[in-house]
Each structure stands twice: as structure tokens, then as C-alpha cells.
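One structure is given below, represented as C-alpha cells, and several questions about it will come after.
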Amino acid sequence: MSRLLRDPRTVFGLAIVAVVAIAALFAPWLAPFDPSNPDFSAALAPPGATNLLGGDELGRDVLSRIVYGARASLLVGFLSVAGALVLGTALGLSAGYFGGAVDALVMRAMDVLFAFPGILLALGITAALGPSLTNAILAIAVVNLPVFARLARSQALVIRALDFVEAKRALGFGSLDILVRTVLPNAIAPIVVQASLLFASAIITESYLSFLGLGVQPPTPTWGNMLRNAIGFLDTASWMAWFPGIAIFVTVLGFNLLGDGLRDRLDPRA
Amino acid sequence: MTTTRRRLARIAAAAPALAALARLPGASAQTPRTLAVGIVSDPVTLDPALMASFFEILVQYNVHEPLLHLTPDLKVEPGLASVEIADPVTYRFTLKPNLKFHDGTAIDAAAAKANFDRMLDAATGSPRRGELGPVDAVEVTGPLAFTVKFKAPFAPFLQVLTNRAGMMVSPTALRSLGADFATRAVGAGPFKVASWTKNSELVLERFDGYWRSGLPSVDRVVFRPIADETVRLANLRSGTLQLIDGVPPQSVAQLGREANVSVRQQPGLGFNAFSFNTTRAPFNDARVRRAFVAAFDPDVVQRVVYFNTGAPAYGPIPPSIGWAHDRNFKPSKFDREAARRLLAEAGQSAAVPVTITVTNSPLQVRIAEILQSQANQAGFKVEIRQIDATSLITVLRNRDFDLCMSPWSGRSDPDGNMFNYFTKNGPNNFAGWQSDTVTDLLTKARSVVDLAARAKLYRAAEEAIAAEMPMLFVHFDATIQASSSRLDWTQYADGALRLQFAKLG
Amino acid sequence: MTRYVAFRLLALVPILLGTSFVSFGLIHLVPGDPVVAMLGLEADAQAIAALRAKLALDRPFLVQYVAWLGHVMTGDFGRSIQGERAVLPLVLTALLPSAQLALAALAISLLIAIPAGIVAARRRNTMRDYAASFVALCGLSLPSFWLGVLLILGLSIQIPLFPSSGYVAPSVDPLAHLRHLALPALTLGAALAAATMRMTRATMIEVLRADYIRTARAKGLPERKVVWKHALRNTTIPLVTLIGIQLGQLLGGVVVTETVFAWPGIGKLTVDAIFARDYPVVQATILTTATIFVLLNLLTDLAYAFLDPRIRTA
């Protein structure tokens, strides 16, 4: 753990992630204004004393919206990746461990999903199911499913061939037991690293979906839909476009730094 | 390292060339007098009989020519034909001589009749059928003359003929092109269709046989659909486009200060309004509807969303239709207390849950957010539901909403703004409002020819509508378009582009 | 080798079938009726029913899918619901701008990423490495649609250097084509460059650690030769694989970039068609994109097998 913290990347990454998480968790206490409350006199107000980061087109405080926006981003990032991780790992480990028909079926299904450019698949799913937070989570989880499945499968293939696993099988341990107690703990490291990197891309995908109007509904702020609103005011109120973009950028950077640091320490292959 | 440095040196050497590339002026293929126009969306079809969305409005008058021409102040002038009103149910048309369609077919009475027959035939499924009113017969009375007879007087007829219903297309082309006619349309307008690459560009070329001799002065028009308003604007500023439609209201002030572009706005013909669902709770009670309207302050929308372009709306007839519009008509007032009282009267003690449905247009979402914030302070509990643009019509038709946006692009006659919306079971009566009074008034107003009498009927209709508020009127949008300062062109209230009159300086 | 290729090609078929079925299902799930949308607020119920029957949209879902499949076998991709244009030429016309964008972006990214990756690998754990790696990470963390917007703001609005959207075919005006290509290619290229640089660096580091490199150095070969002649050649194999992985990102990136810059490629066509519920176009574009992606992956694998003799004999 302490070795982990010696790497400046991990420290920075952790710091950024911590700040964002705190913003998300304690938003009602941290935000100076109600993010959904329009104040028409402050419409398009530039950054100043009352509105530190300015006001948006309806006079809502940009800073408060950015703080609350962290909630949607983190929620979507976490739940979609967690969902993909759990289901994908289960599928991949089973495919790798059992082989045969299970492997063929699961991996062909994953191939089909993988053949779509991720953005299009997410777009199609949210368009089909309707724009909402839950559907965005679902869509991004489905997009990331094949990644975890493939990773878990290749891990399972390697571990299955190891001696002590063979031994356990010879001793009569059940498959499920072996999978959960032996294969999983040994496979988990690269999966976790992948998760932290996918977290970052999940946040970007969610912001792109919101940017297209397919994400969280108004007036709930997300960084993506704040950018969407800002586009129309690029020449009159450019701060609206800067701050949400910076928020996405910094958050994603934090997760990438963390992921990099984790990978260098946890994944022996690097 | 030496290798890297060498590489960098090579790139540095190329830099002036790259810079030269960037500094070169001009945009697309340099043909003399090409006008590049940025529009919001690709037209769906170029067949005037089947046009049913407002995307075609910008393009249609350049490919097609209507029988009658609409002036910028909404007066009717002869176009391909001149008309004589023999009696309230008989209109005699005389086509100009020696006119041809783009493919050389003669524009004669037989061709005109063929066009009318096609539009009136139920099998074609043309929206023009309803627009043309109670036509009894179209008769050819000479090589260039034909008569349209009505079953009952239909006052909006001439205005309708200045739009899609009056656009004549070549019957020869209809037969030979079949389904491809929608994309190659052969009409009688100032420009011919040269090519159409969907989502990229629609290229029109000058038609030498256009009836207004000497026009058009532009050789080529290229329409580029660019959905994003910021991108359209950027292209205008950079000179890639010389004319754009759909300038966002928030950019008007800034554009006014720029030397190489000029922005123009005019009161439009349409209205931006929301329909209440009067067929189910909570808006089946007129008091709840009036409460919602009283909670709303249209001046906020006018200022914050529209940046003082256009005007707040209180009814369906816009100021541009001068003879029918009543400037002093203000049936509702922003009054939160009155709203609460009305809700109490209607027996609503708790916050009334309402869902506002809008498409994901940023402007509409902003309006919905303002409505939400204001209504929430007057005893409602509002949620916003965003749907995709193509779902809007389904939602409206299935009445799957509490309050839903239903903007209308507008017509030059009040009948075009009201009949379909407020008559019982009218095709645009999404509110589901059934009023015999208004239906009678509007039906009568179509068949009365005297302008003053019609105005009185429409005023009465607006009062009746205001009493029950089946729709929440928000704004009369101005038509805001911008061009390069070198372009000399005419703007019309209906927002349509008639580029035969444009000159590139 | 031929058997391997044939086998892989055959395996494509069920994948593409599956993909087309999923996309067919998805687009039909989407609420909103394209016919109603097309005919607009003014059409009457009769006209809608007539058009729906004409476009065969009133038949059950599976029947429609099988019918579509049957037509595709004969090369008929149907007509677009909007404006009734033939779908296949529509899709093929859109492929060219996308290919131009993708190649330009790939070129930019390789031009930046490979030298940067090599420098970072060779100067590992020095300031230059940290700086380059950090910049790459930043590039990776930048949402590309935001980068596109910022580039438009900076290099098109505030300093009018490049047009912010649109397309001119190179055959019409090559200079204008390049000017319109600049910003989208930069946007897409930047994102790619970041990822490629990191991978180049990682691969290069591993290669430079290898024994044969130590031998070459021990033999007294100049560093330049060590890097360019020996190390780079051996980096090509994993790099090819990595570029193959990048292709997935490239296709996704093309979608985002094309929508921001209104670049008339296959990405924009797909997104517009999804929003317009234009089923035949969506089907055709997704099938095309998936086919391209899967074929490119196959090509990468084959290149890999070709370059690495160890795999061939396996």
C-alpha cells in the first residue's frame, strides 16, 4: 500500500478522485446555490463575486451545477462499470474455465457486441429505451461487457492450467468452489485495473450521451448536458463551455492516473 | 536524438507551407456567383404534393414556382398565373404564355389540372388535399386557362396557392421518374436540381427559362443542412456560407456588431405553444389550465430565452397578419395568487403533478425549465420529459402527455393557424378540446370573403379559446436569418427563401 | 494459412448476422414512428397507413427482419425512409469521407505518437518521459467532442484559420478539402495519438529491455542503429496489434468527430438515421461498420501472423 502511494501518479489520481467523490457525496452542503433554481436576473452572468463560475442561460449557478454534476458522472461511471465487471467476469470466467459449448456461446455473443463501435451501441440502447440515468448506466454496462468477459476468460485459461488448480480438481472440489475461491482471486488484479480505466471512458461516454440529449433529464445537471446547453452560447458566454469540460477532463484524468498507478503496481505483466 | 531533431526540422520546414494552406481564402468550389446556404435540416422530399414538414420551406420556392406569389407583406400577386374571382366559388386562372418546366414540358392548363388532380386524389395521400378546401372541380377552359370551382366559399384559397398547393410540377417527369421524383423534382422554379447528396448538400443550378426574365442573378445555390446552430453561425462568419437560417436569438446582438455579416429579423407567421391534454387529469379541468397559465410569466421567456426577439403570444394569430391580429388582446395576466386560488377552486389541495414533454431542442428545454420553475411556485409539481423529435408527433397524436410542446410554423392566413388546431377533431387538435362554438366560428370564417367580417369572427374565436385555454401560448417567434454583407436579398415573413431575388455583390 | 483465413472468414458470418439482428431489434424498439415523423404534423391517418404499408412497416418484426435479410443477400439494401433514396449508394458515398478522415487522423496520430513514444521510452523516467506521458494521458482524458468544440472556438471563430464544418471532395478542390479536413482530423488524431503514444512507449520499453538489444549494444553498435534497425522492427508486431485495437476506438471516434464537425461520413449518417428512425439506413450502416471493423481485425491478425514467424508455424 505504501509502495502504491510513493508513485506520484497514484497520489494525484487518488487526490482528484477523492475531491470529486466528496463533491458528489456532500453536494447539498458544498454547493452555494440550488442547482435547479433559475434566477433570471443572473442569466448569463460572467464569473464574479456571487456566482464564482458564472451563471448559465437561466441564471443557475454554474459552480453548484458542477458540484451536483459529479453525482451523475460518478454514479453512472461506478454502476455501469461495476455491472459490466460482475456480469462480464462471471461470463468470462465460466467461458474460460468450462470451455467447449459454454465458451463458444458466450464468446460469440461477446463478439457480436464487440463488433459495434461502443458509442453507437450506447446510442442505440439509450435511444431505444429512452433517455434516463438508469438507461445510460445500462447502455454503458452492455458496451463494456465484452471487455471484461474477454479479460476474465484469458485469465481463467491461464489459471486453469496451473498445477494447484489441477490438484484441487483431482481432489474433487466442485467447479463453482474452484471458480470463486481459486480462479477469481488470482484473476482479479488486471480486471480491477481495467475497471479503473473503463471508469474514465464510462464518464466520457455518459457525457457524450448527455451532450446528445440522451442522458439524464433536465433540470438535473450533468457535465454533459451542461456542455450541451453551452454550445449555443459559445460566443456570448464561453465560461459555460469551459467549466463542465474542465470538470470532465480533470475527473477522467484522475481516474486514468489512478488506473495507471494501480496497473504499474498490481499487474505483473506491465 | 539527432533523428528526432531532423524530423522536427523537416516539420518546421513544412510549416510555412501549412500556414499558407490555412491562410488561403475562400471555401468550396469557386464557381462565379455561387450562393451557399446553411439550413437546419435536409428536406425530406422535393415533391410539393408530399411535403409535410417545415424543413422544405427554405428550399421549396427555389425549385418550384407557385401559381400565385406572396409578397413580403403577405399580399398575393400573380405568379405562374393570374387569377380572377368570378364569384365566391369560382376562380378563373390564366397561365402566362410560353412557360416551360425544367425538363422542357410546356406549362399549360392540362398540366395544371394534372397537378390538382394528383393533389386532390386520396390515393396520393397528399397533405395538400385538406389545405385546398372543398374543391368541386378543376376544369380546363382553354390552352392556358382553367377554372377551379368550390362546393362552398373558401376564403383562404388564394393564400394557399402561394404555398405548396400552388406549386406546379411537370407531369411528364412524374411519369418518367416515378419514385425518384422526390429527389430530382422537376418544377418551374428559378433553379433546377443539379444534385442532392443527402445530409451533405443540395445543389441547384440556374434555370434559364424562369418566367421572371433576367432572374435569377445567382448561378448556383448550394443548401447545406447543418443541425447545429453554432456550426451554422461559425460557417457564416468564416465565409463558407453566405446565408443561414435559424440564427439563435442569443447571437443577434453580437452579430449586429460584426461588419462582414448582417442579421435580419422579421415577425414570423407561426407560434410557439404547448398543448394541454384536456382529455385526462389534471388538465381536463379548465380551472387547472387557467391556473397554470396564470402562473406563467411570458416576459421572462421573452427576455431570457428569446433575448427580446419576436413577441410574447396570447393567441394563435401573430402580429404579422395585421388585419386579424388584435394588439390589445391580453386575456391572461401573470398572477401567482390567482393561480393558487384557481387551484383551490378546482379542489386541488396538494401540489398538482404535471409532466411537460419537450423534444431535446435546447430552446424548448429552456422554456420547459422556466415553466417548471414558475409553476412549482404556484402549487404544481412539474417534471420534464425529453423525447426525440421524431417521437413528438406520435406522443401528440396518442395524447400521451399532460402538457406537450406543439409549435406551428404558421401560414399567411389565420385559417391556417387555427382551423386544424381548434375545430372538433381537427388533425392538430392535440389538446382534444371539443368546442362547438369555436368550430362554428372557424368554419364560418373560412367561407366568408369580406376581410372585416372575417376579422370579427377570428377575434371571437380567440376570445372563446382564451376562456378555456386548451393551449398555452408562449411566443411568436421572429424569423431570424443572417447573411454575408455582400449579399443583397429579401426576407419574407414566412421565413422561406426566395433566392431568385438575391444578388451576390 | 489459407485454411486459417477461410475459417476466420466463415466465422464472420454468424457474428455479422448477430450484429444485424441486434441492431434491427434495437432500432425497432426505439419509440417514434418514422412514417409519422416523415409525413409530418399535417398528414392524415390514411396517408400514414398507406405509406406504412408501402414501406412494409406494418408486418411483424421477425418477418421484416427475414425479409430484409433476404433482400441483402441479393444486394438490395432498400430505400431510405426519408426521401426514398437507395440505401446502398448512400452508404457507399458516406464511406469515402470517413475513410479520408480516419486516414488523416491515423497519419497525424502516428506522426506524433511514434516519435514521442520512442523518445519517452528511451528517456525513461526522465523529465522528458514524464512530460510526454502526462501530455498523452491528458489527451486520453479529453472528451473528443469537447476538444472539437474548443478547436472550433479557437481556430475557427476567434482566429479564423480553418472552416468549422463541411466537406469538399478532393477531386473538386484539393486545397479546400484539406482545409475542411484539418480540424476534424486534428480532433480525432489527438485522441488517437495519446493512446498510441502510450502503447508505443510501453512496447518500446519492453523491447529495449530484451536480450538481443543488450547484445547489440554490447557489440558496440551506435544507439541510433540499435533503436531504428533492431528495436523498431520488433516493435512493429505488437504495434500492428495495437493499431488493430485502436481501430475500434477509431470507428467510435469517427462517429463523435463527424457529428461535431458535420462531416458527411458514415458516423454522421448512422447517428442522423438513428435520430430519424430511418431503419433501412441504420441497418445498412451498422452492418457496414461492423463488417469493416471485423475485417480490419482479421487483417490485423493476419498481419500479425505474417510478421511473426513463430505464429505461422504454430
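Order as written gives the chain letters A, B and C; numbering starts at 1 within each chain.
In this section, a contact is a pair of C-beta atoms (placed from the backbone, for glycine too) under 8 Å apart; a residue touches a chain by one contact, two chains touch by 3 or more.
Please read all numbers here as calculations on a predicted model, not as lab measurements.
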item: Subunit A to subunit B, fewest steps along touching chains; value: 1
item: Label of the chain whose CA centroid is most distant from the centroid of subunit B; value: A
item: Most heavily contacting chain pair (counted by C-beta pairs in contact); value: B-C
item: For subunit A paired with subunit B, centre-to-centre distance based on mean C-alpha positions, whole Å; value: 42
item: Chain centre separation in whole Å, for subunit C relative to subunit A (CA means); value: 22
item: Centre-of-Cα separation between subunit C and subunit B, whole angstrom; value: 37
item: Where subunit C touches two or more other chains, by residue; value: 30-31, 152, 157, 275
item: Junction residues of subunit B, two or more chains touched; value: 228, 230, 388
item: Shared-contact residues (touching 2 or more other chains) in subunit A; value: 127, 212, 231, 234-235
item: In the complex with subunit A, residue positions of subunit C that touch it; value: 14-16, 18-19, 22-23, 26-27, 29-31, 137-138, 140-143, 145-146, 149-150, 152-153, 157, 202, 248, 251-252, 254-256, 259, 270-271, 274-275, 286, 289-290, 293-294
item: List of subunit C residues in touch with subunit B within their complex; value: 30-34, 36-44, 46-47, 50-51, 79-80, 82-85, 90, 93, 115, 118-119, 152, 156-157, 160-168, 172-173, 175-176, 178-179, 182, 224, 228, 261-262, 264, 268-269, 272, 275-277
item: Sites on subunit B touched by subunit A in the complex; value: 228-230, 233, 248, 250-251, 253-254, 300, 303-305, 360, 362-363, 365-366, 368-370, 372-373, 384-386, 388
item: Contact set on subunit A toward subunit C in their complex; value: 108-109, 111-120, 123-125, 127-130, 200, 204, 207-208, 211-212, 227, 231, 234-235, 238, 241, 245, 248-250, 252-253, 256-257, 260, 270
item: Subunit A residues touching subunit B - in the complex, by the definition given at the top; value: 36-38, 40, 43-44, 57-59, 127, 131, 212-214, 217-219, 228-229, 231-236
